[in-house]
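Below are the structure tokens for one structure; questions will follow.
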Amino acid sequence: MTGGRLVARFYLGLVLVFLYLPVAVMMLMAFNRSPLYELPFAFDTVWFHALAGNERLLQAGANSVMLAIANTVVATALGTLAALGLQRYEFRGKTALQLLLFPPITIPWLIIGTAMLIFFFWVGIGRGLHAMLLGHVALSLPYVIVVVGARLKGHGRALEDAAATLGATPGQSFWRVTLPVMAPGVVAAALFAFAVSFDQFVISYFLAPPGVSTLPVEIYSAIRKGFTPEINAISTIIILVSMGLMLLFARLYRFGGER
Amino acid sequence: MSTVQLSHAVKRFGAVAALDDVSVDFADGEFFGLLGPSGSGKTTLLRAVAGFVDLDAGEIRMDGAPVGDRPVHRREIGMVFQSYALFPHLTVRDNIGFGLAVRGRPRSEIDAEVKRMLALVQLSGLEARKPRQLSGGQQQRVALARALVTRPRVLLLDEPLGALDKRLRQEMQVELKRIQRTVGITTIFVTHDQEEALTLSDRIAILNEGRILQVGPPAEVYERPATSFAARFLGDANLLEGRVVAGGVEVAGVGVVRTAGRLPAVGELARLAIRPEKFAIGGANGTVVPPLNRIRGVVRHVVYSGTSITYQVEAGQEAISIIDMQEIRPRILTVFQQNRTAEPLAIGTAIELSWAPANTIVLAS
Amino acid sequence: MLLGPAYGWLAVTVLLPLAAMLYFSFLTVAPIGGRVAEPTLAQYAAFLDKDFYRVLTWRSLRLGFDVTLVSVLLGYPAALVLAKYVSGRWREALFLLVVLPFWSNALVRTFSWTMVLRDGGLLDRAIRVLVPDAEPLGLLFTYPAIVIGLVHAYLPYMILTCYISLQAVDDALIEAARSLGASGAQLFVRVVLPLSLPGLLGGVLLIFVPVIGSFMEPRILGGRTGIMLGTVIEDQFTAVFNWPLGAALSFIMLAIVLAIFALAAPFLRERLRGI
């Protein structure tokens, strides 16, 4: 059925074009001299230069990066511990706890974001980067736990048992066996957490006070207000960063999955 | 090189007793096999000795001293897991040297010991490989080397050869025995493969449902099983039932079967077993020298296996009790013959089987 | 214990806020800044009274339905191709390519569609290549634009879940069916489709729910026509500052979401086991 195969692959190709076309266009336009997308295409990095002078965007970018780093550290640490706990102990209610991981991912972020806004304001935490950190970690935790958990499941208790029979104390066993074996999974989860925070829009949007914002929030306001081609430039950068991170993650996750 | 004693060990998981008052002594330097079906408690026993399982009752002693409150890492055992559990992020050298490294031995000593162990398991030269670069058989040897390098008091093996194919398994059985003899370490291993248990062990314990049914050297357990479970789990057995009379056991449709073992009192019920390889085949008119036991039958099925031939012979009928009803069924005997003549009997041939009274096993239950 | 910190964090940042929101939805005004609030059902009543909200909810549900339908129609075949018609290293690479956009910035991707759909944008230019002097399509700021944008956003996810369950369909099953005389169409309907249904349903569920709660895409791509329940809720918090009403509407949306999950739970249980 080679004819069918060809059609099949062609279709897949079409789907891929659909998925990448708009982004490709946007990236192209980021390098186009014209501010209004007039063709013919004239290569110019003028908009990237303009970025360097755009205080708001730069500040927002810095915020995004700092926030993402903080999120990565906290979420990876907490999530890894949780994954270890889930793997190590059998107890009643374990499935319930595993199910509890799902709300942040499955409930529309609009609802979570507005709920956080209400709660934080009421309780006195207010809005701001610290509030956003709380929210981002909450969103990242399920992903970290799942990614690290998958890595742990592949190797299970047998390795730790073996270390014990060889005379390793629980501390030695953790340091010499569990941690190294878990490492690729933890790094992958960290990358994931960074990307989740860096790209996060909804939660950041609701928790952003006037004057403080992250990159996605800033871009959103700019779009709503009217349009500057610098948005293209910064968007291109963001997309490349996100996709790059995800490619790294995929690489690590694959090789981590090998025995 | 130590002795291990288990006294009245009990372990329950929920309502199920994995170990039900188990007592057994492991002698210094012996290769001891724990044999039984899944769920018999053999793995629980092994893990209890290792320290992964805490007993609900009973004691474990090594060299006379109780070890029950000692955690796994201080029991000085070596263990080979069913999945080998080699550390994937370490080389063969670091895997084997792990036990020494956590004890803080200097690098030079570790390297020397690793070399020595690799020579022992005949894997010299593979220090720098990672586990995933090794074959199944090689991984198993590394696991063994790793367990032995710290000179433990006891070696524990959990279904060590289960993952290997038949040829490799046979080779490894010989290897394992050689290494154990060289090192002289007390070894306890778990298996559900009866042939493996017979081949490797100095002594075997048969377990079922948390209890030890019989302990003894392979020949003794095989030739003189105490229970019908042992008789059928360790090898095949043809079972006969009858009442004790003077001189033997009266089996319906067969006559008086002579035995050499001790029988219950006259009039009592007795259960007998005959191993398939103990039969001699004579023709229907053949001369058979008394005082052998004999039985007539017809060949119903032939299995040709190259080195041997197995026959299913229909020899009369027997009464089987199912709950409170009796059912009359044809009696099928399994007969095992070495392939000496290369001419299997045809189906439907009438034959006479004979066997020595000494080969009639009297079962206790 | 190991689990404490993580779950504690989740409790504080997710469960407590949700509880707080529930509380707020029963108040007259937000009890912040010294204002005193009274318990009331007025917020929920407003939902039931005004047609506006019901129409809106219906619109949002319809958007969810449209997006999910298109995603299934486009995504399932793509997953099928990937699972059964591509092999080896290509498969991994293509799979990665398909999934990658999903994990990049959603806002930026939505924005990039404005480039394509706006008057004089790529689409118009492409059409003009074939048919000169054609009128601008004017797709931007219409309902179809929102659908396109959302489909683009969630299509990789549909392909992902369908692919996972399609891939799990053992080739041996297909060969067995063939040997029993099944034609291509019968093979698909009787073997492949039923076995891949859990993945399909999982994908449907995990697209439908976020879509009905979306506000960013409708605003950017739909402009004034992009008013959904999500955007109205957003307004309550950022423009109108009627937090209790927003809370009530949010909870109604949450109730709808939970109802959907409850309905699909029996089918979901199969899928969860595979995680």
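As written, the chains take the letters A, B and C, and residue 1 is the first residue of each chain.
Basically, contacts are C-beta pairs under 8 Å (C-beta built on N, C-alpha and C of every residue); 3 or more make two chains touch, one makes a residue touch a chain.
Keep in mind the model is a prediction, meaning the values are calculated, not measured.
**Q** When contacts are scored as defined above, which chain pair ends up with more C-beta pairs, A-C or A-B?
**A** Answer by contact count: A-C.
**Q** In terms of Cα-based centroids, which chain occupies the most central position?
**A** Nearest to the common C-alpha centre lies chain A.
**Q** Nearest whole angstrom, what separates the Cα centre of subunit B from the Cα centre of subunit C?
**A** That gives a centre separation of 59 Å.
**Q** Between subunit A and subunit C, what distance separates the C-alpha centroids? Give it in angstrom.
**A** Result: the chain centres lie 18 Å from each other.
**Q** Calculate how many whole Å lie between the centre of subunit A and the centre of subunit B, each centre taken as the average of the chain's C-alpha atoms.
**A** That gives a centre separation of 55 Å.
**Q** Going through subunit B residue by residue, note those that touch at least 2 other chains and give them in order.
**A** none
**Q** Quick check on the complex: what are the subunit B residues that touch subunit A?
**A** Residue positions touching the partner: 50-52, 71-74, 76-79, 81, 83, 85-89, 98-99, 101-103, 131-132, 146-147, 150, 156.
**Q** Could you please specify the touching residues of subunit A with respect to subunit C in the complex?
**A** Of all residues in subunit A, those touching subunit C are 4-5, 8-9, 11-12, 15-16, 18-23, 25-26, 29, 37, 39, 78-79, 81-82, 84-86, 88, 97, 100-101, 103-104, 106-112, 114-123, 134-135, 137-138, 141, 145-146, 195, 198-199, 201-202, 205-206, 216, 219-220, 223-224, 231-232, 235, 238-239, 242-243, 246-247, 250, 254.
**Q** In the complex formed with subunit A, which residues of subunit C make contact?
**A** Per the stated touch rule, the residues are 1-3, 5-7, 9-10, 12-14, 16-18, 20-21, 24, 30-32, 74-75, 77-78, 80-82, 85-86, 92, 94, 96-98, 100-101, 103-109, 111-116, 120-122, 125, 152, 155-156, 159, 206, 209-210, 212-216, 219-220, 230, 233-234, 237-238, 243, 246-247, 250, 253-254, 257, 261, 275.
**Q** Inside the complex, what are the residues of subunit A that reach subunit B?
**A** Touch list, subunit A to subunit B: 155, 158-159, 161-170, 172-173, 176-177, 180-181, 183, 258-259.
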